Structures are given as structure tokens and as C-alpha cells.
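Next up, some structures in C-alpha cells.
Here come two complexes built around subunit A, the first alongside subunit B, the second alongside subunit C.
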Partner chain A sequence: MKFKSKASLIPYLLWVALFVIAPIGLILYYSMLDLNGDFTLANYQNFFTPAYLTMTLTSFWYAFLITFFTLVISYPTAYFLTKMKHKHLWLMLIIIPSWINLLLKTYAFIGIFGLYGPVNAIIEVFGFDPKQILFTDFSFVFVAVYIFIPFMIIPIFNALDKMNPSLIYASRDLGASAFTTFRRVIFPLTIEGVKSGIQVTFIPALSLFMITRLIAGNKVITLGTAIEQQFLVAQNWGMGSTIAVFLILIMFASMLFTRTKKKGGRA
Partner chain B sequence: MKSLLNAALAIVITCGLLWFAASKLEASGSAGGEGVLTVYNWGEYIDPALIDQFEEETGITVIYETFDSNEAMLTKIRQGGSAYDIAVPSEYTIETMIEEDLLIEIDHSKITNLQNIDPYFLDLPFDPKNKYSIPYFWGTVGIVYNPNKIPEHITFDSWDDLWDPALKNKVFLVDGAREVMGMGLNSLGYSLNSRDDSELREATEKLKQLNGNVKAIIGDEITPLMINNEAAVSLTFSGQAADMMGENEELDFAVPSEGSNLWFDNMVIPKTAQNIEGAHLFINFMLDAEVAAQNAEYVGYSIPNKAAWELLDKEVINDERFYPPEERRSNLEVYENLGLELLGIYNEYFLEFKMSLN
Partner chain C sequence: MANDIIIRFDNVTKTYNSNTTVLKGVSFELERGKFYTLLGPSGCGKTTILRLIAGFDTPTTGDVFINGKRVNDVPANERQVNTVFQDYALFPHLNVFENVAFGLRIKKIKEAEIKVRVAEALNFVNLTGYENREIAEMSGGQRQRVAIARAIVNDPEVILLDEPLSALDLKLRTEMQYELRELQQRLGKTFIFVTHDQEEALAMSDEIFVLNEGNIQQSGTPVDIYDEPINRFVADFIGESNIVNGIMLEDYKVQFAGEVFDCVDGGMKPNEKIDVVIRPEDLHVTTPEAGKIIVRVDTQLFRGVHYELSTYDEDGNEWLVHSLKRAEVGAQVGLDFEPEAIHIMRLNETEEEFDARLEAYTNEV
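Up next is the complex of A and B:
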């Protein structure tokens, strides 16, 4: 029996070794090479210069903004979805746009937000001058939030849907207001859904790169942009890998931050 | 136990298949050989009717593949496994390819149409005596702009016009370190191949003052956006400007007088070629006056083919914006291959400039 349980790990270990550990190992290895393929730690030294540190902070800030607005929109949406008659149909309708290629959706926004696009046409109807919407940090956050909403809604919806409604009735019967019920009962019971939603949004948001060019016109520079440039233009795989190592570290930290805490004795 | 073994086996097999597929993909174009010619060119860079004509005349089947950057093409040819008979890199990449011994010498006795090429485009520093490469298209980097959307005094006779406060939030830049840094260096009267760190530093500081005017730094999306008048001014390549002007008649193009980049795309035969005889036939075919003229009409870039100029519309060939006369070309510079280290420094400065925008 013991042998069997150990053997059952083999396929998973093999998978993890080949597709998780080996790539990370390669990134670490490359991060310690210079342009001539010699061993160096200069890339790490280079990362701790003001340019890259500012870039890390900007990436962090925008990822935070994107995650925050995605959550603010997604939580109430998921909540009202669970109250709907055909909730699974509605959920489906929200998920379908995520089947469309990300780049296509991004290109569509170039047209929508353009000076002669529909949004500015509406603004003009109300008698205002056309606004510069495209190539601003506003449009960047907007498009990113739009893209991540389905990924945030699904885990929150599942958590809300699984919740036993009698707990809410009990809370209301015992005299708690709607707000207190939300704060003390509903939200704590769905916090796991919120946490996984934050993970699937925050982590990819840190390394967005195509949208930074197409929608923000390179006025928002993230670590993803820098990695792309190092690999494709400067052909400096070492520096590109070094930035990737820091990205992995930040992601690891954010996973720790949002990890599931072991429940104590309190129910 | 058995199912576990199967699962482990499945992973190993998946890896094997992925490996196989990857090596297959890398070796694309390997179907080459007698009677087949594999051409590796930029997208939208040949009139497809000419490929048909070549196939008819010679009985050779052409396999046509495209790339979108010199670096991507270089990587593929460097890795080997490919069988490209013809590639069309830009001059600084040709320099690298000669250095790395990736090219086959061209037998000039088989290129009888070489006499059609204007001598100005032959025997250039990146390939003395054209041992390895034959001119295909050429052009400059300049500014495409909409005169109706900017004040009259701005004509882009000088790069400094880009810094004019009247252009607030009206300027697109192309997302290329060499192009943007080169523009900054040129505007200060320095060479766009500068290896002097203080000059690069100064150019970066000057570029940073462009902050309020820059609307976006983007790639090929510039073409549709300029056609739709999303911005009034854009740094761009001459051929791309010609494309835009074909669609939007309000646009005009200028190469500022302080100087700019002059570039050449030449045909080469990579070491991996399988049909060297066919490659020579193809190069000679493309240099034919009528063929070159037809190609220029389709692609819109400038050709180095003197004999073909006679066949083109006088208006096209006398247009100094796209065919600058020789005395105006004297202050244009060709990109030198700076080496990876310096290219990295150009990129760091470019990144610093991008980060200063908001």
C-alpha cells in the first residue's frame, strides 16, 4: 500500500520536473550569463538600478489598480448572478468573451477608443470636444480590467453559489443588518474565492506587455515590456531572464500573501 | 500501477512529440532542392504576380516565406536546419551575416542584369564589391505629417520642429531603439551610429523633453492610425509613409535636413541554400528593368534599378521625398552594426526615454 502511494506520485513528479522545475532552472541559469555566455552577476546588479526599480514599482502599482477595479466590479456582479433565475446561462454569457483571442479584443479597443471612434462620437453628441482616450493610463487599466473580469467572477461565483443560504437567514433572524450580514457572514465565507480571483488577476497583470504598447502606446512600461525588449531587440537573454527571475519572486510573494490560512478552532 | 506507468509514459511521449514538432517547425523550408526555390522575405515585399512569372519562365517552383524583423530572420538562419535559397536582410544584418560566415559569395557572371543598378547602390561599406549581396529596395527614415492639422510654420525641415509646443500630443514614434535614438542624435548634429556615451546621454535628455508631444510609441499599427488621422505627425520609414499617403491624400513626407538614416535591403544567398543555381536566376530575374518597375509599383518602396526608373511614372521618380537626389543623400547615414553590447546600451537609453513619458 505504501509503495503504491509513492509510485502514484511518479507521473506528477515527472511533470513537475520537466515543466516547472526545468524551465525555472533554465531561467536561473540564463540570468547568470552575460552577452558572451560567460558567468556573471552583473545582470542582478543592473536590476537594482533606478530604471528597473521604478519599472518594478510601476508594474506593481498598475497590477494593483487592475486587480482592485476588477474585484470591485466582479464581486457585486457574481453576487447578483447567483440571485438570477438562469444563473448558469448568465455566467456563460459573461465567460464567452474570454474565448475570443486577446489580441483581437485589444485591436477592437483601438477602434473604439480612437479620436474618431464611437466613444468620442458619443462625447461629441453631448457637445464636448473629442477626448484623448487611447494611449492613456486610463485606457490601459480599463482594457486590462475588461480582460480579467471573467477570471475574477468565476471563483467568486462558485464560492457564493456553494454558500448555504440558511446562514444568511440565520444572521438576519438574529437581528443583523444587511450590511453586517455581508461583512460578518457572506464575505468571510467567500474570501477563498476572492483570493483565487486576485491570484489569477494580479499575477498575469504584472507581466502584461502587448496592451502596454497597443493601448497605452508605451506610456506605461511594465516588467513584461522590458523582458520582451531584452529578448527580441537587445538579444540579451541574460538580462531578460534576470527580470523574469524577479517577476517569479514577486509572484511567489503575492501567492504567500493571499494563501489560504489554516482554520483554527473557531467555526 | 499500470495506469500510473501509462501516465508516465504519456508524458514522455508528449515531450518526444513536442520535440519532434519543434524541430520540424525550425526546419521549415527544408523541402528545398532541385526545381524548388525557397525565398525568405519581408511581408508585402514582392508583387505575387512576379513569382508566378518567374515560375513560368524557369520551371522552378517557388516556396515563399516571410519574416517581420531582421533579428527573427537571422536567428532562423543561424540555427541551420532551414533551406532558404534567398533572404532579404537590411545592411547592418548583412554585415553580421558576413562576419558570422552565413552567406555564399554571389557569382557576378550569372547576374547579367547587375548593370541595371545605379552605381550609387553598389560597393557600399557593409559589403565591398557586393561579394555577398545585391540591392533590392532602399529608403530613408523621416516624418509623415498632415499639413492641415498642424501650424503652417512647421515643415520638418529640421528635426527640432518635432519639439514645437504646437504639436502637443500629436506625435507618434516608431517603437525602435535605433530609429528614435538616431533621431535624437541627428537633431543634435551627431552621427546616428554614435559610440560616445556622453552624446547618447545628451540625446536621451533631449528626447525626454519631447514628453508632452509624444502621443504614443507603437509599431506597424502606425499605418492604419495615420490613415485615420489619429495623429498629425509620425516618425516612420519612407516606404511605410508611401503606403499611408496612398490611402490618405492629405499626408506629406519629409526627411529633415540635419540628416537621417539611409537603409538598404539586399538579396543574399544563405549558406544553407539547396538551389544555388536557382537563387542566381531569381536575383537576376528581380533585377530585370520591367520586373523591378512592376515590383516597385506594387510594393511602393524605392528601387535602386536605374534601368527601371525609365519605365516608372516620371512623377514617382522625380519625387525628391522618396528618391532624394544624390546631393541630398550626402547627409544620410547607413546604420552600422554596433555589436550587441552597444545595442544593449541604446536599448537602455530608449527604455529610459519611454519611462519618462506620461
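Up next is the complex of A and C:
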């Protein structure tokens, strides 16, 4: 029996070794090479210069903004979804857009936000001059939030849906107003859903580069776009890998920060 | 006297989704400090009454009064009423202490007083020392007690209990029946208990309301309801009964199973068709010669305290008998009973008519 269970682990171990450990090892290895392929720690030194630190901060700031707005929109949406009669149908309708290719959706926004797009057409109707909405940090955050909303709604919806509705009655019965009930019962009981929603939003938002490039142009430079630049434009794989190493570290840190603390039984 | 009325329903109806009527014009008054039970099968409207008192629902028509004040539009969190839920509805993210303290914290009561009152409430339900336990670590019976402590700690006027014992096993359920009754008497508060279990209702209540299909069928003390059921439904729902068709020849004379018997009921029209109820424990097995009805024993079950005999008379009516002595299956036996054991029920008589008739003919005697 014991032998059997060990043997069945082999495919997983192989998978992890080939597709998790090996790439991370390669990134670490490349991060310690200079342009000539010689060993150096200069890339790490480089990372701690103001240019890269600012970039890290910018990435953090935008990832935070994106996560924040996604949460602010998704939580009430998920809450009202659970109150709907055909809640699973509605949830489905919200999820379906996430099946469409990311690049397609991004291009759609270029059309919508562009100088000759429908948004500017509406602005003109009200007598204002058309404005460049594309290539601003507003449009970048807007599109990113739109992309991430379904991923935030699903875990929050599940947490809300799982909650025993008589807990809300109990809270009201014990004298709590609707708002206090939310603060003291509903939100604490769905915090795990919020945490997983933050994880699936914040971590990818840190390393966004395609939306950043296409929607924000050169206005927003994040760690994601920096990696892309280093690999594709500057051909400096060493520096690109170094940034990637820090990105991985930051992801681990944010996962630790939002990890589930098991307390008592299940929520 | 009027001051002692804590809850009053005035012709309350409740309709869901504009076509399902769960309450059809219910009126009643509940006195302060008594143990009331709403008894009925599922879907009879008993839980709806509870939700209307708690404030989770509003009546479609009619009025609900608590302490003489109309509360139709008062939200649940502003009512002096607390509920013990069927599934306890304890907050899983809070420990025992915080669950019980929840209502007090909402009212912004001082920490020192919260400590004292929670300790008191937990002491009341024999859970002293469990303050720091997580809800997941508690057994069903313990959770039940936490839920009760969480309700009584707020010192409400009325405590509502929505089938709180249904999730417990038989032994624990019997134990909790005693405890709840005792708790109610110690606290002196009004308890409104909802159940579909007639034994629970009979054992615990000062007064029972029997409900069916959105109407109150009968209300009264457990003994009244057991001894004088108003109709087939109540007789059938409360305890086991033998119900046969009969004719009321005149006051105190009833004909059923082909014979004429003396009885203690009256006030009907001569030769009125009625239902006759005799409880199985009021029938005694005797020799065919001495019996008032002659029956054949069909089956016999040993029930521990007594034997349960299923017997049939010549007309094919089934007579259930609880007998302390064994009988022979297939044997002819006689059944004897006292005139007081015969309960007469008029067809389609309402509770008011029933009470009025009872009043009228008992005054004659």
C-alpha cells in the first residue's frame, strides 16, 4: 500500500520538478549573469537603484488600485447576485466574458476609448471637445478592473452563498441593524472569499504587461512591462530575470499576507 | 388584566408570492409569563406566526401587537423579542462568550457588565467554564444551550423557540424538555415554542394552540385539548384516538357501533350526526358478556408499558386499545368504558361555537 501511494506521486513530482522548480531555478541562474554571460551580482545591485524601486512602488500602487476598485465593485455585485432568483444564471452571465481572449477584450477597449470611439462621440454630443482617454492611468485601471471583476466575484459569491441565512436573522433578532449585521456577521464570515479574490487579482495585477502596453502606452511602467522591455528590447535577460525574482518574492509575501488562518472549525 | 397581554394577533393573514396563503385570519392573545406552544404539522403556519412576532415578516393584513403597541412596521432589531433558531444559528466565527455577548455588544453595554451578564446566562444553562470554546467544538445539546443563553442574556419580554429540540436525539430531547420548562418557570418570561411533536407540546405547555392549514383549530391547556378535542384533526393529531361516526339522539344519549350509550355531552340538535372519540387507554378489555362493544382482536403489539391491540367490531370499525394485559389474537372480547370516556365532536364546529356550547350545557347541570 505504501509503495503504491509513493509510486503514484511520481508524475506529480516530475511535473513540479520540470515546470515549477526548474523554471524558477533558471530564472535565479540567469539573474546572476551579466550581458556577456559571466557571473555577477550587479543585477541585484541595479535593482536597488531609485529607477527600479520607483517602478516597484508604481507596480504596487497600480495593483493596489486595481484590487481595491475590483473589490469595491465585486463585493456588492456578489451580494446582490446571491439574492437573485436565478443567481447561478446571473453568475454565469458575469463569468462568460472572462472566457473571451484577453487580447480581444483589450483591443475592444482601444476601440471604445479611442479618439473616434463611442465614448468620445458621447462627449461630443454634450458639446465638449474629444479627449484622449487611451494612454492614461485611468483607462489602464478601468480596463484592468473590468478584466479582474469575474475572478473576484466568484470566490466572494461562493462564500456568501455558503453562509447560513439564519445567521443574518439571528443577528437582526439580537438587535443589530442591517449595517452592523454586515460588519459583524456577513463580512467576517466571507473574509476568506475576499482574501482569495484579492489573491487572484493582486498577484496578476502586479505583473500585468499586455494591458499596460496597449491601454496605458508608455504612461505606466510597472515591473511587468520592465521585464518585457529587458527581455525583448534591451535583450538583457539577466536584469529581466532579476526583476522576475523580486516579483516572485513579492507574490509569496502577498500570499503569506492573505493566507487562510484555520481557527476552530469551518466558517 | 389587559396589561398582562404581551402579544395580540388581530385577524392576521399572511400571503406569500401573492397566491400562497399560509395564515388565514388568525387572532389570539398571549399572557405574560406563560409557556405557549404552537403545534401543528409542517406547513400549518406555526413558523410564520413566530416570524411575524420576531419581525422577520410583516402581516399581509391584520395587526400584531406586542405590549399593546402595534408592531407591524417595527423591524426585528427593535423588538423586545429573541429567538432560539431551529439550527441554533450560532455565529461560527465567534466563541461561546462572544456569541452570548453579541446582543449586549450591539447595545453598547459596558464590558464589565457584559462579563457579569454572560456569566449569569451561561450559568443558567449550565455552561459555566465553556466561555472560550469555539462553536465547532460544542455538541448539539451544548449548542442548543448556547443559543438559549444568547437569547435570555438580552432580558427580552418574549423568547421564541423554533423547533429547537428537533435536531437532538430522543434522550437529550426529553432532558431538554424538562430543562426548558424549568428555565421558563425560573425566568418567568413568556416562551412561545413551535413544534410538530404533540408529546413535547403536552409535556411543556401552559397552553397549546393547535394549527392546521393556516387556522387555529383549538387552543387550551394540554388536558383540555387532550380530553375535549374539537374535531377529527385535533383528536387525530394529539395522541392516538378511535374516531367513529355516531348520532346524538338527545342530550347525554349517543348512538354508535349499533348501540345507545350514556355520555356527558350535550347541546346538539336531536339526531345530529357527530364524530365520537374514545382514547385507546380509556378502553378496557373484558369478557364479551360484560363488554359494551364486542370486538375481535386482529393484531397485538408489545409497547413496553402496555400492549397495543388493534380490534374490529362487527361493522368493521377499528378500535385501538391500550391494555395492560395480554389478549389472544383472534379472540372475541368485550370493550368496556366509562360515559366520561366518550368525547363528542360536532362536524365543522368552530372554537367559539364549541366554547359557547360547552358553557351553555355545563351551566344547565
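Definition applied: the second predicted complex is superposed on the first by the 252 of 267 C-alpha atoms of A that agree within 3 Å, B and C clash if a C-alpha of one lies under 4 Å from a C-alpha of the other, contacts with A are read in each partner's own complex, and residues count from 1 in each chain.
Please note the rule applied: a residue touches a chain if its C-beta (ideal position, glycine included) is under 8 Å from a C-beta of that chain, and two chains touch if they have at least 3 such contacts.
Being a predicted model, the structure only gives us computed values, none of them experimental.
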Answer with clash or fit: subunit B and subunit C placed together on subunit A by superposition.
fit
Return first, second, both or neither, reflecting whether A:Leu104 touches subunit B, subunit C, both chains, or no partner chain.
neither
Output check: A:Thr180 vs subunit B and subunit C. Expected answer is one of first, second, both, neither. What do you get?
second
See if subunit A has more residues touched by subunit B or by subunit C, and give me that chain.
B
Just subunit B (first), just subunit C (second), both, or neither: which does A:Leu189 touch?
second
Please indicate which partner A:Val125 is in contact with in the superposed arrangement: first for subunit B, second for subunit C, both, or neither.
neither
Which holds for A:Leu256: it touches subunit B only (first), subunit C only (second), both, or neither?
neither
I'd like to know which partner A:Ala170 touches here: subunit B for first, subunit C for second, both or neither.
second
Between subunit B and subunit C, what minimal C-alpha to C-alpha distance in angstrom results from the superposition?
35
Where on subunit A do subunit B and subunit C both make contact?
none
Give every residue of subunit A touching subunit B within the complex, in rising order.
4, 7-8, 10-11, 14-15, 18, 35, 51, 54-55, 58, 110, 114-116, 132, 134-135, 137, 213-214, 216-219, 221, 226, 229-230, 232-236, 239
Which residues of subunit B touch subunit A in their complex?
1, 4, 7-8, 10-12, 15, 69, 71, 169, 172, 175-177, 214-219, 221, 225, 228-230, 340-341, 343-344, 347-348, 351-352, 354-355, 357-358
With touch defined as at the start, can you tell me which subunit A residues reach subunit C in the complex?
164, 166-167, 169-177, 180, 184-185, 188-189, 263-267
Where on subunit C does subunit A make contact in their complex?
54-56, 75-78, 81-83, 85-87, 89-93, 95, 102-103, 106-107, 134-137, 150, 154
